[in-house]
Amino acid sequence: MITRLLQIAATTLWLLVALSYQTTIAAPANASTSELRQHINALATGKIKDKPRRIEALAQLGSNKAIAALNALIEGRLYSDKASTQVFMKHGDHFVDPLSLTAVNTTSKLKKVKANNKVRRIARAAIARLTLKSPNSEQRLQAVEVMFKAADHKLLPLIDEALEFEKEQEVKQKLLEIRAAITLQNKHASKEAQLEAIGQLRQMGSQQALGKLQAFINNSGASAAALKAADLAIKAIEKSQAIWGVFQNIWYGLSLGSVLLLAAIGLAITFGVMGIINMAHGEMVMLGAYTTFVVQEVIRTSFPGLFEYSLLIALPLAFLVAGAVGFAMERSIIRFLYGRPLETLLATWGVSLVLQQAIRSIFGPTNKEVGNPEWMSGAFELGGLMLTYNRLWILAFSLIVFAGILLVLNRSHFGLQMRAVTQNRRMAASMGIKTPWVDAFTFALGSGIAGIAGVALSQIANVSPNLGQSYIIDSFMVVVFGGVGNLWGTLVGAMSLGVANKFLEPYAGAVLAKILTLVVIILFIQKKPRGLFAQKGRAVEA
Amino acid sequence: MISQALFTRFSLGARVLIISLCVVAILVPAANLLLPPEHFAHVPSHLLPLWGKYLCYAMLALALDLVWGYCGILSLGHGAFFALGGYACGMYLMRQIGPRGVYADPVLPDFMVFLNWQELPWFWQGFDQFWFAMLMVVAVPGLLAFVFGWFAFRSRVTGVYLSIITQALTYALLLAFFRNDMGFGGNNGLTDFKDILGFSLQADTTRASLFAASALLLALVFVVCQFIVSSKLGKLMQAVNHAESRVRFTGYRVEHIKLFAFVVSAMIAGIAGALYVPQVGIINPGEFAPANSIEVVIWTAVGGRGTLLGPIIGALLVNGGKSYFTAAFPEVWLFALGALFVAVTLFLPHGLMGLFKQICTRFNKRSATAAKVTPLMKPEAAE
Amino acid sequence: MSRFSKIISATAFAALISSSMLAGSAIASDTIKVGVLHSLSGTMAISETTLKDAMLMLIEEQNKKGGVLGKQLEPVVVDPASDWPLFAEKAKELLAVHKVSAVFGNWTSVSRKSVLPVFEELNGILFYPVQYEGEESQRNVFYTGAAPNQQAIPAVDYLLENEEVERWVLAGTDYVYPRTTNKILAAYLKAKGVSEEDIMINYTPFGHSDWQTIVSDIKAFGSAGKKTAVVSTINGDANVPFYKELGNQGISAEDIPVVAFSVGEEELAGLDTEPLVGHLAAWNYFQSVDTPANAQFIKTWRGFVKDEGRVTNDPMEAHYIGFNMWVKAVEKAGTTDQDAVIDALIGVSVPNLSGGYSTMMPNHHITKPVLIGEIQADGQFEIVDETDGLVAGDAWSDFLPDSAQLISDWRKPLSCGNFNVSSKTCGGTEGK
């Protein structure tokens, strides 16, 4: 989200400056172009430690013509010519002058102007000050967001000035909050002002407000009444955050559950429906992830414009690749092992070793980069909840896949045949169903679904030859816990394991939480040996 | 009388195994200690622990076969019992280091000094005594197997479900032992051992003795297993394997039979682990990894389950092959290993022992018409 | 079973035992053998395979220059398969069967601990190229990676000075390296006046993949009105999901910088680094180091692996330094005899890739510069700080009460890896 905002901001800035909006914004007239240029060129000189000072000096000029250069500094697009001490901005594949923004042809070797976090932070604050009165409300909003973090009493006149102009309610609110934060930093502020500021922050109710209030208490020196009010405000905020925390935990649990569901859902078919202990299931997931990688590579080199759709393109391909491997596996190995479920374990384990090593030989042992498309990056806030887009999509995706499988199983002709074969193979065969082909396609379906899961998991996990290994045990746990042969059980199993894990984690730590969930599963199986949703009927004992 | 029992109860293969293990237990150490290094039959010192390790693996495979091959319980968590036995032995070896650790603390092992433990935790007490540690080597895995099995078999968790929860068991233990706060050295485990019963672990004589002990104990365990499987209880175990419900309806307590096999098997695995640790010089949570347990299953399957010779042959062969391939073809050995598993399950459902039998039956077709060959084992565990 | 089949199976079995016991025999030759002990399969292959390739390249380059002592070098590569006891077995094989003159290998601490007794017993030479927790100095091992004082402490100093960090999250994987580093750092920070409640320590299991809770905890911890930084000793595989979660939850380096000790170019190659710009890493080498030696090294490396996109990293430089030190020491000693080379190695000085010289110290650690880099959008690091001079690796940390009195000096007459200066004794492993 932030990166996207930044990008929007950067492009709008570009437009703004290019259209010479500066006439409408009250810029101090005394900043001459040569002075600006001199200060911008100075950004490239000296050590990194000197840069904050230079940025401040440049910002002091108060000219929003400096914004482009500062943005370029933040984004690492500012280059300097050692010989002429001139500074240029990289724009696309050519260089432009930081003030006139006209393209320049430079033949000399240019060196990137270094920046570190502190430099970037200060440059961002400087930009915020320069854009506080920008006509663009989104820009102003961003400026005040930055300013809140760096609230400082020096900003007070600027804030007060902005408050008079500001019409946008959201920005105004934020300005008031900054003002409150500044007031709390000021030890000499009157008690009334402090109390009002505390009230303001209490209303804000965010973690940031909490931070400012805590800093206020830590700095002490304030009157008892103010301290008490701050203390009460902190308690109130913490209380509301604790309530949100429960929801946040449920969300984390559900999103962990959705990962488990995705990893397990293919297995729910191969293991749950067909009774094959498919130890190579994890490798099918891995194949899906590698398919995504290959798709993205091809897109990157040949069709850069399609990157945003790379995952959509990868989905059917991953299904086909993993499905084809699954099909081949069933035809060449597993079909000889029906009725010997424990031996499928050995054979598929062998297959998993071969697949891992094959991937390692082809792609190398190192992690591969699978990029997140824009629509899967970032987060947004919903009340006190912080929801990340990728988790949200994965949750939605896992449910869609789940619903899709249910449909195939219960509503399609193939699903009907599949259920018939599982329930009574010989009867199905005598009704004219080609059971071997149904077996092969069922296994291919389960593997294909695992491949699809790989596309989604490539967004949050390592894409390496070991990818499958890290999910295989969890997947089996989910299927067994939910009840073999029952898709709804897999759904409920995955989600409840996810949520349970996330509620244990804050108390027990990540490791113990995992151990405890495993122990709970072991105990649970003793109580209900056939899982949460046991299949009933005669077929079970067969 | 015992010798008479040996001859009546044991097949030729079994007798050859027992005798060759005893011979190996004497000859190999002798070839290492007595022969000069130039001699063609000299066994280099570095091979002793390696072969000793194979023998420990063979014992582990034997333990698994007792429950899987004879009782139909496919445990995917036998590595856990092996590792627990190993840890019990490792704790004894750690206590033997005494003040020779890097921080020179007389009681606490280095990793505890380093984590600021002030005193020895209660579960480390007593491990300075060899007899106590050896008791724990069998008691701890046995107890775990008892508790786990008691719950699992009583509630009739069978087949695939049992396999998967045994896997969960070893995985949970893996995670637990990884934790530094557990007091077992975390990821690094226990290492840097100095001596056992006062003998330096680096001395050739100690190594030779450990090797001999491994071979003899393997022979002993083999004999014990042979007695078990040929006893009435053993017959019942096999009956459970073939038709569990029928045994139950006949009036036997199936869960007791299974529990017995499971506990004995866990204890044997524990002994194997205890012999393994001083020979490889380290025990760490990696031994709990579910993949290790699956490998044991594969050794057993390669050799042929449901026979006592099979798992031993399988373990020796696969591990020997592994040692060879990881050095000769480091890039492709996983292909070979993977292909082996597939090939064995597809073409040798009864393992190498089954293959031998097949070949022999073919040779003896003419002469063996009268003796109807009973199947070596039943191919399928009742689900 | 028929009589015949019994005999067949019995003889086959006997043959099997005897044949399996004859495996492996030594072959003498005219070359000098160098062992490479890095996992090529299993979980650690991801990191270690690169080092195997780097070693093969270094050996090939040396052979082009005429080898060592007029003999060609012959690499012996084995695969310990990320299996710790197998490391010991393979080390034994390298030393006893192949009679290698030196071994370059290992990555994880546990694998090093596993081979230590083997090298001690068979008197081999091991070069260990990875940054590690210290608290060790063994006669047969040369540590070319960073000790905590060559990585962690300068990184924290940088954050203290440049970012004025007041609150610290020490997040690591639960094993010995993070535990030690965090202990040292906690002691160091307290000495610098940071209070107990401003330090949050968190451990996660290997390969931890669900970071939602922990990242949001870090975020909460970091918004208490004080500048906060995360010191990450998170290992290998767990890093990718960790950084992805950081990026997604919108923690930018400008708010809460993360400084990592186990994340290098190789790890970043599997990541979209756009949202990570500004997060830090401390190493002794970065691919972006601007020296002719480094440019040449990168060129040779890319030519060797035939991949123009391959990156270089710190442990590779450590092998580069270690290998050159060994070559120099062998030439100095005039023999590959282990005892002579071990003695000759101390004091050997070779160029590193960052434009200076690294020297082998008497405690078997080396001197190195410490570089702080910020992650760039292209997956490289921009060096933002560098220690003024070289830092000598300290085997025994001064910030841990039990090891503060220990020193290591393998020169005669002391010849001890853990000499206790207060009791004047060489504790634990005796010097030979």
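Think of it as A, B and C in the order they're written, each chain with its own count starting at 1.
Heads up, the rule we're going with is that a contact is a pair of C-beta atoms (placed from the backbone, for glycine too) under 8 Å apart; a residue touches a chain by one contact, two chains touch by 3 or more.
Computed from a prediction, not measured in an experiment: that's the story for all the values here.
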| item | value |
| --- | --- |
| More contacts between chains, B-C or A-C | B-C |
| Centroid-based (C-alpha) most distant chain relative to chain C | B |
| Whole-Å gap separating chain A and chain B, where each centre is the average of the chain's CA atoms | 46 |
| Distance from chain C to chain B - Cα centre to Cα centre, in angstrom | 34 |
| Junction residues of chain A, two or more chains touched | 356-357, 469, 511, 514 |
| Residues of chain B touching at least two other chains | 175, 178-179, 331, 334 |
| Two or more partner chains touched - positions in chain C | 40-41, 174, 203, 205 |
| Chain C contact footprint on chain B (complex, rising order) | 11-13, 16-17, 20, 24, 28, 43-47, 49-51, 53-54, 99-104, 111, 113-115, 175, 178-180, 186-189, 191-193, 201-202, 280-282, 284, 286, 309, 313, 316-317, 320, 323-324, 326-327, 330-331, 333-334, 353, 356-357, 359-361, 363-364, 367-368, 371, 373 |
| Interface residues, chain A side, partner chain C - complex | 1-3, 48-49, 76, 114, 116-118, 120-121, 124, 149, 207-208, 210-215, 218, 248-249, 252, 255-256, 259, 356-357, 360, 364-372, 377-379, 386, 388-391, 459-466, 469-470, 501-502, 505-506, 509-511, 514 |
| Contact set on chain C toward chain A in their complex | 40-41, 43, 45-46, 49-50, 162-163, 174, 203-205, 207-210, 212-214, 216-217, 219-220, 223-226, 237, 240-241, 244-245, 247-250, 252-255, 257, 266-267, 269-272, 274-275, 277-278, 280, 374, 376-377, 382, 384-385 |
| Chain A residues touching chain B - in the complex, by the definition given at the top | 275, 277, 279, 333, 336-337, 339-347, 349-354, 356-358, 361, 469, 473, 476-477, 480, 484, 511-512, 514-515, 518-519, 521-523, 525-527, 529-530 |
| Interfacial residue positions of chain C with respect to chain B in the complex | 1-2, 4-10, 12-14, 16-17, 20-21, 23-24, 40-41, 77-81, 83-86, 88-90, 92-93, 95-97, 108-110, 113-114, 116-118, 121-122, 135-136, 174-176, 179-180, 203, 205-206, 400, 402-403, 406, 417-418, 420, 425, 427-429 |
